[in-house]
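Chains: A, B and C, in written order; residue numbering restarts at 1 for each.
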């Protein structure tokens, strides 16, 4: 228990004192995860909309696979991305291994199925509401997707935030493809793993509390910016 | 909403590279845990204007990274694996840099009476005989290979051990955490042990046997195999690591007032 | 400008899993006035409207618009029995058909605001459309269908679940449209409504046009005994 209190107080002093290292890895955590989130949403949301409105033979299987991929173990994704980006691998020439870009790539792969699956469900429900109307108005496929995405934006935000949560706390994949290099690819989660491995539990806990605080703050900020939970709004 | 997106991307642009040369080196967790890197790296940056980026991984993974050319040099402590690395053409050569030693740690009350052992393998022998909990790295690291060599010289085969033998398959720190949690015995490198902050009831029970000698070797990755590796930087760093400056820093490095490494590079 | 009409249906039918839902239908529709489709539940009124509008699939026969099917699709509006509200404001809902046709936002909003005034929702432009009452939503749906100036307006029992006041207001709007020359094709359960709005009436039974005729003639003295029974209020099978 003393570790918990030590962790809390250490977290407090680190934050208040604007510890340089802490700021650096926190900023990097945010950069990597937010970039991954934006890219993943740009892929997942239109994909989800397309799956919601298009009827094709393998649709049910694709949706089932997408749902299943939510359970993809991150460390396995990390391994695969490592092999692909390794110098001896197919994309080695790009020199992306052990850079934040590699971490972003791994995180995008991990969270696209999650964001797409959650978004798809909301978009399916909305499409069943709008279906008759939009078909009757001769709306094009692109317009259908844009209308759905805009009108379901609050549910899609939830899907994105779920992806954010998954990515910001992820450590297995980015440890492998990022290498946890000090001042280059070290982020909050990999630093926590490192300190834990050194037996420095109170520092690890402190970083953990900072991470929790960060996640909650970002969520609140997004909700405030998006003005959700306002009276009378859906 | 747009402002947020723009702000994000601007923040992301902030990760620009500096003009300084960058060299990637894979090192073992035991080396990193010693804290020696924190002393050496800034000096290298100052003297050679090279930023050495350390990838702290297990010995097996370090060798793998060297084989695939994902790093420019490796610093490990597994002689047989290192020789094979050079023989197979993955590395140009190996160079002794320094050595430290391993210690056997365990609970203060020492149920297996390791304190009274006359040699390292004898110590492991009594542990096996008493069937008390022993944590093994189990990850093909330098430490793990040393441990296996000691079992061999005691005439024992870990494959036949019971549940008291726990192969965790993890780094030194994680293994020590588990050892502390189980109040068990384990083999640790002295640097990781001295720096470990979760000792609990564990103490160092046996050390000093020449068999527990732990030699670190530096191996530059072969540019003939991967022509993109910064072999030039690797050689510069090697010269520095085998220089008088490095000798002083390495020999002078202490934890809790105790000397840790002995520099033994030959010119 | 009646480029869409006359519209002819020749042996038109639609079936589902081997069962014929509506058809075969033979009919010609001219470009003026209001045609009201009546008939017992399950007689295929909704399906017939959808067939004509093109949202139900033709599995036999053909439907020919004078200007061709492609063109015709862009000059029609459809109002559903239960109005579908987009999750947007009243103004955005009404303006939507204009926006998807590429009209500039300011112009589309101006036109939508005009329509909103006409249907009595001028004060509610920014309210979410989903909080409107049933009657208000249906008026919005009609405005939304009419804002693009279609030549044909299909309506599927538009006032089925509305109170008298809302019904009257909607019928007013429809009469205005009919006067302007918009072709109305609607189904209804309300025989009084048929009397008030129809120029000609189609009586549907088991998916086929059982009887058709000029409104006053049919409603005053129908020819078939099923039509007579239906108008009397009997259950017709």
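Here, a residue touches a chain if its C-beta (ideal position, glycine included) is under 8 Å from a C-beta of that chain, and two chains touch if they have at least 3 such contacts.
Because the structure is predicted, anything quoted here is derived from the model rather than measured.
Viewed as a network of touching protein chains, the structure reduces to a simple linear path.
Per-pair tallies of C-beta contacts place A-B first. Overall, the chain located most centrally, as judged by its C-alpha mean against the mean of all protein C-alpha atoms, is A. Separating the CA-averaged centres of chain A and chain B is a span of 33 Å.
Centre to centre, using the average C-alpha position, chain A and chain C are separated by 47 Å.
Remark: chain B and chain C have CA centroids separated by 80 Å (rounded to whole angstrom). Touching two or more other chains at once is no residue of chain B. Note for the complex: chain C touches chain A at residues 53, 55, 73-74, 78, 80, 84, 86-88, 96-97, 100, 128, 130-131.
Across the interface of their complex, chain A is touched by residues 1, 4-5, 8-9, 11-12, 14-15, 24, 29, 33, 53-57, 67-70, 171-174, 176-177, 180, 195-199, 226, 228 of chain B. On the chain A side of its complex with chain B, the touching residues are 27-28, 30-31, 34-35, 38, 86-89, 92, 95, 97-98, 100, 179-182, 184, 194, 196-201, 222, 225-226.
Chain contact summary for the complex, chain A toward chain C: residues 126, 129-130, 132-133, 135-140, 143, 147, 151-152, 232-234.
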